[in-house]
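Shared between the two complexes below is chain A, which has chain B as its partner in the first and chain C in the second.
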Partner chain A sequence: MDRDYMQTATLSFPEASSVFAEQSYVVEIPDCHKPRMGSCGIAGCINIDGSMISGSKIEKMITTMSERENGLGSGFVAYGLFPDFAEEYCMQFLFENEDSQAQTEELMSNWVYMIKDEKVPTFPQRSMMPPFPLVRRYFVRPKKGTEVYIRTGLNEEDYMVRLVMSINETVPGSYCVSSGKDMAVFKGSGYAREIAKFYDISRYKGSMWLSHSRFPTNSPGWWAGSHPISILDWSICHNGEITSYGVNRKLVEMAGYKCTLLTDSEVVTYLWDLMVRRHRLPPTAAAFAMAPWYYKDIERLPDNERRLANQLRITYKEAFLNGPFSILVGRSDPVVTMMALADRKKLRPLVMGVSGDGNSVYAASEECAIKSVQGDAEMWATRAGNPAIVKVGEGIVRRGTEAPFLGAI
Partner chain B sequence: MNKEVENMMIDAGHRNDLGHPLDYRELNRQIREAICEGKERLILMNVMGQRYIASATSNPNMRIEIHGTPGNDLGAFLNGGTIEVFGNAQDVTANTMNDGRIIVHGNSGDITGLAARGGTLLVKGNSGYRVGIHIKEFEGVGPNLVIGGFVNDYLGEYMAGGTILILGQGVEGSPVGLHVGAGMHGGRIYVRGPVGKHQLGPAACLAEMTDKDLKKVDSLIDQYEKAFGGDVDRSIEYSKVIPLDSRPFRGHYDSTTI
Partner chain C sequence: MKPIVTIPEKYRPAIDREACIRCKKCIKACSYGALDFKDDKVKVGKGCVACIRCVYECPTDAITVIELPKQFAPHAVFSPEIRRSLISQANSGGVLLSSCGANAEYMDIFNDILLDAAQVTNPSIDPLREPVETKTYLGRRPGKVVVDDNGKIDLDASETPIVVMDMPIMIGHISLGSISYNAQAALFRAATELNILAGTGEGGLHNDFYPMAKNLCAEVASGRFGVTSQYLKEVSCVDIKIGQGAKPGHGGHLPGEKVQKLISETRMIPLGTDALSPYPHHDIYSIEDLQQLISVLKESTEYEVPVGVKIAAVHNVGAIASGIVRAGADFLTIDGLRGGTGSAPRVIRDHAGMPIEIAVSAVDQRLEQEGLRDKVTLCASGSIRTAADMIKCIALGADVVGVCTSAMIAMGCTVCQQCHRGACSWGIATQKPELTSRLDIEIATQRIVNMFHAWNEELKEILGAMGIDSVESLVGNRDRLRYIGPNPRIAEILDVKHSGEGWG
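And now, the complex of A and B:
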């Protein structure tokens, strides 16, 4: 990250809430809970039969790995949250103040019909650092047929992406943290346990949850920059560093995405959206483009796969994510899907687990997170650069140990 | 007369007021306290990701049983005694182990046996990436790592000494990944099964098994069978990976060095 970003990052929400105006924020933290060495933690769970999982389960998973976080960000994403509004885009916002909310609503009114809007219940914790943002969600439908819509010449999804990008870029203090159907992101600056309580995660139920606890190394810890980072129905929890950020950013910016969240991880979200939704690559091909084999190893593949692998490396060379990472990817179009991918040298931890009855599948940085909620889980590890894919209704499509491009659709 | 050995049980299962598992420092404090009191047999129940368990323990009679999932850096700097895990171990198990034994009745994660310099590590199942990197030996004392299943890439990278044995039980084809022994300049890797040339890293090469090697492998398999029971089929052919040279990067960085 260059310095400009670091400086603008400090502006986050200077005067939002006065909840604790008269109280003392300084809480004596016992020695054993002071921030210390760590690294990001990621955790996810999905029920193959589509049955609902309580938020308290994912909360237990991510807080089991409290060793890995330092209190500068955490977040959760749930899929299958709003069955009553499953056809509307749910745009969830962090507003710095009422002004940014008003400006955002004004901008949105030209672009979308607002079917419903509501305040997201939040419960600021004494141990958290104020100010707190206003959190609000809007169920919207694109205003098709209007002048704005026609002028953009975009399809519905790209139109929504354009709206999110223009809000994040142009409205001061307003950040759209999720914009997909039937899903929402709950994230902020704090420990995982604090963010879970801030949003009261246990009140929500979803068929899939992903979560992240943050240990920022090269970008600032702040509310909108926490993970999961989401666009449309995509959400990404990322543990690692993208050292090729500059190149990746160039690729997504040329495709119309705006990088506004001051973190390298957001390019990963846009890359998935670009390659899989817009370019219609199968997820395994997109994963190969992000974490490709070495050329000398590609030589050993059978003819067809070798050609495909070489073409992907050449066509999507700007999508190659250099540096250590392990990511969890969630999407719901066409079915709720969890994908887990580690970099091509497996420089960040990632383990998978499946419950004894085969219905619940888990992914996490550490096995203890999975064993804490599913004692009988059968564990396995994905191979480097090899995605594990789990779908509601279909089961474990890929275990992440297969040859490249298998189980691609 | 046999000394009566007292079992001491520590339950790591309860969560603290923040909802986190018992803090690793608190658990390790209890373990060290028990060791200082002269306890020689500890049973840890419901372990849930606590790190650095039994690090730097040095009493050779010490025996620590772990039920649950121990966290990263299990037995780091272990200097004596036996740690037995009934379950899987996470990453960086036996980090810089100096002596003693770690027995894992399950799988172990990535970077198992990082920089070990002595002692024995037995893993019943599989392990991950970068197993036994930078392990070393001095004056005939070195670590022995035995993995019952398969391992992934970068096995024995930068290895300077010691012995690794991969049994590959239940694995079809090669039980090791790519870049085996990349940059190694000492020690030996025995693989029960085939290792292709393309799997070798720079500075490693294949060699014939000698009688001395077979004797060493036999003694390690004996230990493995004793720890986990069962019979390991010894008729499968071994591949042996050794360094090409004791100075693989001679002249690479400074052409004036000898």
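And now, the complex of A and C:
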């Protein structure tokens, strides 16, 4: 594989009209023969100036790639949703029934002050498969100084992680799908278009959106197991299959996370939280640990970078996500950030786009998702195992085509 | 006292009289005195052990070694083997010695484990077309890299002494003494050529082998034979041997017949004396003492090499392992029940310990529960016979596998279980000059290199089929194994699902 990373790879995509002649070559396939194509689709958009993006934009992006899903799960995450409650953790739940809600609220009352709670508006679609969960969100503050808090011996964030883990693990039928500040996850079992309608995504506005449509193959399709998978301010949309799952799970479970969602993608979220928030690694180093270079390529790096690369591989060998993947990572601490990363062979698609004015940046599995909302987008592809990073207020920090540790370590 | 019952012979060379040209090569070949030349023909006597050296030497293929029918009257409980050992004991009054690994029909769990492969959702990888990495590290890992207050990674504070190997394979500890100079030279040269590690065993290190020290792991055993400061400082890692899978609770046994001049110099012991290592280290009667020895060795090697501990797999191995890691061991070797030896009491060789499959999984799980697994390298040995065993052992939890018997077989060993007699006709487990000269170092080296090269290729093939492109992603990845044996309880203990169970 050509790994001349100093060169910037910019792909140009010709207009559709110049490729096809006037006559259409597309054959109409009868319904019964429509192929079940696909794998997961991911899409994300962010405005660098922090201005709000309507949910209908991300809905358009993800539904454009309808061939990448099979109706077994989809979801959205928005950042900058609750400016009035920006300092509170927003815990959004899927409850199977009233019992699970009551049990959860009882457990939570020992751990956190509830500032506000509300029902999340939902609109069950006729085409969707019942039963539908109760969706509720709580704006909470940790009960600092209480006996429960002191006994855990944790800092605020780890305390919140512990709360989420114990609810997901112990309360039957209750799943906390997001727990960060100023953000929320909307997900469920269904096609992306159905989930978008179920939550009426277009009613929300955020400075960054990520979304996912699912074609599960190795794990069951169910409401809580859909993506994005979120903890604190982290949210992950993952397209791929992790062949090293047993190893990755070990690392996160040793660090106190509990894998309860029956999907391999869960560990990706916890790995980001562990490495970047708890171990304070720069995101580029964490991305390198997850999708490291081959040793033969590491050999070619300058001295210091080689030492660093080897040390990351040695120390975080359990964080190495083997197998094909492309992921979108969102976080809001300290600023709203979108990261896009593909595996080190780039066996899953990932393209980036930026609007003509340079303010809106997009990431998606397929170009069509980006072109459907931003016709003038300049496109580029990230390199294998190379993260693209976009931050509100700072712009495109990395395009995903640079040297592995350039400027960040 | 004259034995009243003789033990029937088990094997017998059969000679094709028409093909035999009476060259007497077979008679010279037989180091067990089973062949003689009388009345102008080869005469077959007693004592054949089926080492098949005579078969190898015969220029006209006139010899076959046949297993004789059981002479004893059949009995379902007192098997011929049991009767044999009882008669031997009645004759000699002694502890029966034996060698190689356990020769008892314990359940072989490796054969009950099946590997996974990638289909559809993740692409399998062809190692001939795409890189599949097998580089492996041995030593303590920091658990996390140190990031300073400015958010910079502090490499100097993060790096620990670590050994890099090109394959997750270590040639186990086989001492000079139990095997010949030539045999050890071949093992060490092969390790150097393959860039893997080889253990020195407890017999110290011969002067000639110091140039290969970068690929050697020095053993410090209870006898402390040949442990000098040079020995500790020049090698790439140091291993404290507490126990060995073939004889848990015992020290090394080197019969006096094998202590010739070369051995006596390297071990620093008088000629012809039995070298029997103490059962425990006499300065380690507790975990605190072990901690002190680990510190002493780290001090004396100036914290530049990893210091590890090797124990036999015994019933409480998980807890013991966690204590050892907490005591400061950088790597940990678990040696299973079926592991080999140059000499051990048969009763302990065949009856004490625990299979490596269960031990490695138990230790891996225990270290994980205690949050220690990402800090230590786990080596597993004890009858890792083939690449398949190696792969399953890695998936059960080992970072590195230790291999001895298979490497010896590559050199010519036929596993006739006579190592303790010091008369190895292949020149491996002997010190008699006329026998050791039979082993050509160059050829033996090449054969070991060939075998491990093939193992590594097979490892890559399997990793590729699983959709994994680096061996570290297989370590302890028990999700990719399934159990198909007779006892589901074993699957539970191994933390491996039963064949037919998916993972969602």
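The rule we apply is simple: the second predicted complex is superposed on the first by the 373 of 409 C-alpha atoms of A that agree within 3 Å, B and C clash if a C-alpha of one lies under 4 Å from a C-alpha of the other, contacts with A are read in each partner's own complex, and residues count from 1 in each chain.
One rule holds for everything that comes next: a residue touches a chain if its C-beta (ideal position, glycine included) is under 8 Å from a C-beta of that chain, and two chains touch if they have at least 3 such contacts.
Since the model is a prediction, treat every value here as computed from it, not as a measurement.
Legend: residue contacts after superposition of the two complexes on their common chain; A:Arg307 is shown touching chain C, with no touch to chain B.
Between chain B and chain C, C touches the greater number of residues of chain A. In the superposed pair of complexes, A:Lys250 makes contact with chain C only, with no contact to chain B.
Applying the stated contact rule after C-alpha superposition, one finds that A:Leu281 touches chain C and leaves chain B untouched. In the superposed pair of complexes, A:Asp158 makes contact with neither chain B nor chain C. After overlaying the two complexes on the shared chain, residue contacts for A:Glu402 are found with neither chain B nor chain C. When both complexes are overlaid on chain A, the residue A:Glu318 reaches chain C alone and has no touch with chain B.
By the touch criterion defined above, A:Lys345 lies against chain B and chain C together after alignment on the C-alpha atoms of chain A.
Looking at the shared chain after the overlay, A:Glu105 reaches neither chain B nor chain C. According to the touch criterion, the shared surface of chain A, contacted by chain B in one complex and chain C in the other, consists of residues 345.
Chain B meets chain A in the complex at residues 18-21, 23-26, 48-49, 51, 68-69, 71-72, 87-88, 90-91, 107, 109-110, 126, 128-129, 152-154, 178, 198. Contact residues on chain A toward chain B in their complex (touch as defined above): 32-33, 59-60, 63-67, 193, 297, 300, 345-346, 349, 351, 366-369, 371-372, 379, 381, 383-384. On chain A, the positions that touch chain C within their shared complex are 39, 217-220, 240-241, 243-247, 250-251, 253-255, 262-263, 279-282, 285, 294-296, 304, 307-308, 311-318, 320, 322-324, 344-345, 347, 409. Those residues of chain C that touch chain A in the complex are listed here as 118, 120-123, 130-131, 133, 135, 137, 141-145, 147, 151-153, 155, 158-159, 162, 368, 371, 373-374, 466-470, 472-480, 502-504.
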